[in-house]
Amino acid sequence: MKYVIIGNSTAAVGAIEGIRKIDLDGEITVVSKEPYHVYSRPLISYLLYGKTDEERMKYRKDNFYEAMNCKTILGREAMQVHHERKEVELDDDTVINYDKLLIATGSEPFIPPMEGIESVKDKFTFMSLDDAKNLEKALSPDSKVLIIGAGLIGLKCAEGIRKKVGSITVVDLADRILSSILDQEGAKVVQSHIEKENIQFVLKTQVTKFLNNKALLSNGEEIDFDVLVLAVGVRPNVDLIKEINGKVNRGIVVDEFCRTSLSDIYAAGDCCESYDITTDQNRVLALLPNAYMMGECAGINMAGGEKVYDKAIPMNSIGFFGLHMVTAGSYDGEVYTQNESGQYKKLFIKDGLLKGYIIIGNIEKAGIYTSLIREKTPLSEIDFELICSRPSLMAFSKIERKKKLGGAIYGY
Amino acid sequence: MLKEGEIRIPSGCAISGIFSKSGKRISGESIIKSIATMHDRSNGLGGGFAAYGIYPEYKDYYAFHIFYDGNISKKECEEFLERHFDIINLSKIPTRKTPGITDVPLIWRYFVTPLPTKLNESQLDEKEFVARCVMKINTKINGAYVFSSGKNMGVFKAVGYPEDVGEFYRLSEYEGYSWTAHGRYPTNTPGWWGGAHPFALLDYSVVHNGEISSYDANRRSIEMYGYKCTLQTDTEVITYIIDYLNRKIGLNLEEISAVVAAPFWQVIDRMPKEEKEKYTYLRSAFASLLITGPFSILVGFDGGMMALNDRLKLRSMVVGEKDDMVYMASEECAIRVIEQNLDKVWSPQGGEAVIVTLNGGAK
Amino acid sequence: MGINYLYPEYEVVRNMDRCINCRVCERQCANEVHSFDEERKIMCSDDALCVNCHRCVSLCPTRALKIVKTDHTFKENANWSGRAITEIYKQAESGGVLLSSMGNPNNYPVYFDKILINASQVTNPSIDPLREPMETKVFLGSKPKKIERDKDGKLINNLSAGVELAMPIMFSAMSYGSISYNAHESLARAAQEAGILYNTGEGGLHKDFYQYGSNTIVQVASGRFGVHKDYLEAGAAIEIKMGQGAKPGIGGHLPGAKIVGDISKTRMVPEGSDAISPAPHHDIYSIEDLRQLVYSLKEATDYKKPVIVKIAAVHNVAAIASGIARSGADIIAIDGFRGGTGAAPTRIRDNVGIPIELALASVDQRLRDEGIRDNVSIVIGGSIRNSGDIVKAIALGADAVYIGTAALIALGCHLCRSCHLGKCNWGIATQRPELVKRLNPNVGYQRLVNLVRAWNHEIKEMMGGMGINSIESLKGNRLMLRGLGLNEKELQILGIKHGGE
Amino acid sequence: MRRVYVNEEWCLGCHLCEYYCAFANSNEKDMAKALKNVTIHPRIQLEEGNNINFAVSCRHCEEPLCVKGCITGALSIKDGVITADTNKCIGCYTCILCCPYGAISPGEHGVIQKCELCTNNIKGTPHCVVGCPNSAIVFEER
């Protein structure tokens, strides 16, 4: 059996490990346009911050490919899939054939059309190791940095470079920071915390025009900057599938076995859509845990095993300057709020189920909430009052506790 | 120093037995020769013999062999005998002056039968009546000691080496179909004739080599059934146990051996169902008569002989056969010295009773 | 509140260098001795509340705690001991009867400690229990007086119903109520595992424990709590409790507060009402009445269960035993004055009854003298502390022993003698769920099994030393014993010689 | 594989497991020295209330969501034991977000900590089990 995996990040690793659970001998070939040993993308901000280094950023050990008996073709981009011939054509015109193919191409930064953007000299996106390296080179202690986008990427970038630059201004069109994961109130808590680090936010505002080192804003202000970081959003890399008429919406469409609409072609990770069980909708969930589990699911199924991945939910754990927050699910339904000093918590309850939550501050045992969402545990079966006040196994029935603690081995 | 009966004295010993299954009567010479071979197993402080079939002319009478310290006790005892028995014959037991035998008491023999009136009055069966009379003499009449009380059998014992005792009692002049002999090695005693072996009650005689650990448990149990252990010896208590189980309870010798040298529970548990039930019953019902600690005994009885070892076989015991003759002894040499060419010789296992009887059963 | 005349008997000593404020002492003390001073960030103790049960000492992970007897003293003398004075203060304060738990603590002679065991040398070999079978299995019950044979001459089993024990040890009566569910479960499971019996005591048998019936003695006491047909049939033997060594002549009283939930159900007593065991059985005012009860119980159980009659060791115990041995009972249990209790009036506990050693010796001899020793087995209890005591008891004439206090100690009891307070920190003598929980029967039963197995090993060693390889040859084998420092009368009653004789 | 299991039926809520855990992971030889004047951060934690107590530590799942979700690769399975490489961990707490038992907690140096069955300290065998006074915590194969 010949497996070809396009992409070399989390979903690819998940797939390799998934394949090897079933098939120890089949030939695995990994193709990636990045020349690096697999590394963790989210760590690039920590790299700049100095909390990690390139060595420790490696997502798997140096001997990973060897141990997994994997062939790698790094620094080469897959240009086209010849579905009918079961071939992949690379940018050097070499052709490799496959029995099973995985598309794990991830996503790439989305840069909206902006007037005068070409006049900006030092402009960067913040997605890959190369992005981080390039950005770092452009920074100096006096740098005035402008970040477009107050989402996860923009703010992690801000945290990562804060100590290396003079000033940081973050501009976002939305009315709050981290609008994809936080509600209004929560965002305020986090924003004021970040502002203590001397980072300026300009919200509900967009850049109307760039003039070299000056940005003109929709509120009429002007901002001078030395370095521009564009962190508006990401877009799944779907072209390989789209070109051969595989089914694609915003991301590649896959079923619960991570199969695309094309035979023997699987897809996993940020390039795909997943079925979000909290909203009952297909959506792109560009999250690392999600990428791994999809990859692993795809790998197992490619190797002839049977694995279903049907518990995708949006979830994030992130911290800025020492303030941690965890969020999961969708923010729809009745709200239970706990807002004490140093602790902000909201639970979203609908149809007798926990649908989502936001916790800022003390995030201990939050996984118990996550599992309530993932397992769709009816809240009527547990001590609702207790679970609202704090995540604990105590809230479950004695029998359920016994199952959980008496030897149950968790799967997904 | 306390004498036998006032204190318990452990002792080591030699034993030997000869039995003719055809009932052929043989003289005492062979048994003396046999026991003499094991001279080193005794220390001169006791020897004795039991012989069966030696009084054919008086076979229907109880033959009482009695030691007296002196004439006063003799008189008292004879008065007692006359009150309870019809004395058919009485005489001194013939002896020969022997250098090894000293401090000779008066030794008398009586052939008796219970007075019918006394027997009726007592409402006891005859043997029980006789046994009780013997106990009474031995416990109540100072200086008198009945050391043999069976029919057509006799015990001959003294302080000295057994071969000297045989010579002293002129045993070559007696003829019997069954002989047992004993040489004693007590660890301390001034030596008392009554303490020598065999120990006998009615037809039962026991010679024993060993020192049982269960002594006091057995003694206190058997004394509950009307026995009085006056000598504090193993032999005495074993004799009473055998008498009790056989004569009073009605167990046969094989069943008795299952009581006194009972198989271990782990052995019983592996037996076939019926056997297991029997052995379990016997062990449970007569638990306090289990004898533990080393012993090898020869039990003489009317028409037969039984050899039995403790269940761990902590004392030696060999059995040999030649034609109709059966030999049992502490050591094989004691058999070989009187019969070179044995048909068969073996060492019975611990707790395995070897029982021989006259052809055609006991008389 | 007037003057407090009493100074705490014990002091809690805390090594502040080792205390890490983990507060386990505070959490584990039901007497609330320990507390945490939030202000000073240190643990404190109130000595006056301490009963010296060692729960905190045992659990303290850094061994920062110990309990010492106070050296504070009264101006006492040989007559007016500190205890005598204290008791007067207590009674002057309360006007009540003093209550205590566990056995007689006073300095009366312990005869077991004045008796020594024999061993073989030279003339008789000792037996190595590691190499040779060494039998400690015991059958309890009456022995037949004669044998019977069928028409083929085969022996008929005419033994009356009895019980078989893998070793001569049983757990003595401790009721569910006086001790906890978990303590009972531990005893029941240990009895099953070790092949011996435990005893329900007078509190009935919890439905959960019917499964251990073949290792259970069901007790019928004067209160008749929890007695019904299924109960009688559930056990391997039935015990009529006439008396208890710790409180001869006294009944029992389990306060209504303890008659809750399962205890109420098991005892068949309404929740909250006191369970009072009368001093006598009100249907037994004489020996012939006892005989009637023995046979009533046998009739009720189709003569399939041996009946035990348990009495306290009192002055005329031998005569009483003789009567019982002729009453149809199969086993006599005699409880000496050191036997334990969950609660007894202090004066009774400390002044009534006789030592079990003397009672046993006189009963065994009396029954032998009367030729009725085989009618019954004798089981004794009342402070059997180790296997040496057992060997001595059997050599004096017992068939088996009951252990109660020793079993509780194995379960963790530290003999703080505060059972009557119901706050046992070891989960034994309490019904408070959070305390009961502290005795994990999985651990408890194993500890009991360990104890009796260890003792059984030791019994075998001692038997082997004597050259005895079966326990029945030890029973009543008083020549294996010698007394030390006993007077003629004591030796005579015990039926043993003095050392050196 | 042998795992640590807690039986709430026997858990007394005495918290000793937490102290024994903290002691074991201090790698000190004397508990008083290790824990005197220290606020402990045990990897096993008691849940208590209403007379119900039980301690929770890592279940060492066969399909561990924490390992699958770990963004750095710091969490991995070594011979069945889920192990955290604290050198790699950057303290994002995604594992805490994922763990359905609440068995992973923020540690002392901005990274996570979790029970590794004492395979990584000088005790070598789960010390909470050793310290449990009522055998409510056991280390066994199920």
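Observations on the model:
For clarity, chains are labelled A, B, C and D in written order, and residue numbers in each chain start from 1.
By our rule, contacts are C-beta pairs under 8 Å (C-beta built on N, C-alpha and C of every residue); 3 or more make two chains touch, one makes a residue touch a chain.
Per UniProt, the chains are A = FAD-dependent oxidoreductase; B = Glutamine amidotransferase family protein; C = glutamate synthase (NADPH); D = 4Fe-4S ferredoxin.
These numbers come from a predicted model, not from an experiment.
Ranked by number of C-beta pairs in contact, the top chain pair is A-D.
The chain occupying the central position, as judged from C-alpha centroids, is C.
With centres defined as mean CA coordinates, chain D is found 78 Å away from chain B.
Distance between chain A and chain D, defined via averaged C-alpha coordinates, is recorded as 28 Å.
One finds 47 Å separating the Cα centroids of chain B and chain C.
Centroids built from CA atoms put chain C at 69 Å from chain A. If the chains shown are joined wherever they touch, the resulting network is a simple chain of contacts running from one end to the other without closing. Shown are all chain pairs that touch, namely A-D, B-C, C-D. Residues 14, 40, 42-43, 46, 51-52, 56-61, 288-289, 292-293, 296, 315-319, 324, 326, 328, 363-368, 370-371, 374-375, 386, 391-394, 398, 401-402, 404-412 of chain A touch chain D in their complex. Across the interface of their complex, chain B is touched by residues 120, 123-125, 127, 132-133, 135, 137, 139, 143-144, 146-147, 149, 154-155, 157, 159, 162, 368, 371, 373-374, 397, 466-470, 472-480 of chain C. For chain D in complex with chain A, the residues that touch the partner chain are 3, 5-8, 47-49, 52, 54, 56, 59, 61-66, 68-69, 71-73, 87-88, 90-102, 104-106, 110, 142. Within the complex formed with chain D, the residues of chain C that make contact are 17-20, 22-24, 27-28, 58-59, 61-62, 64, 433-434, 437-438, 440, 442-443.
By the touch criterion stated above, chain D contacts chain C in their complex at residues 9-10, 12-16, 19-20, 23, 31-32, 35-38, 51, 131, 133-136.
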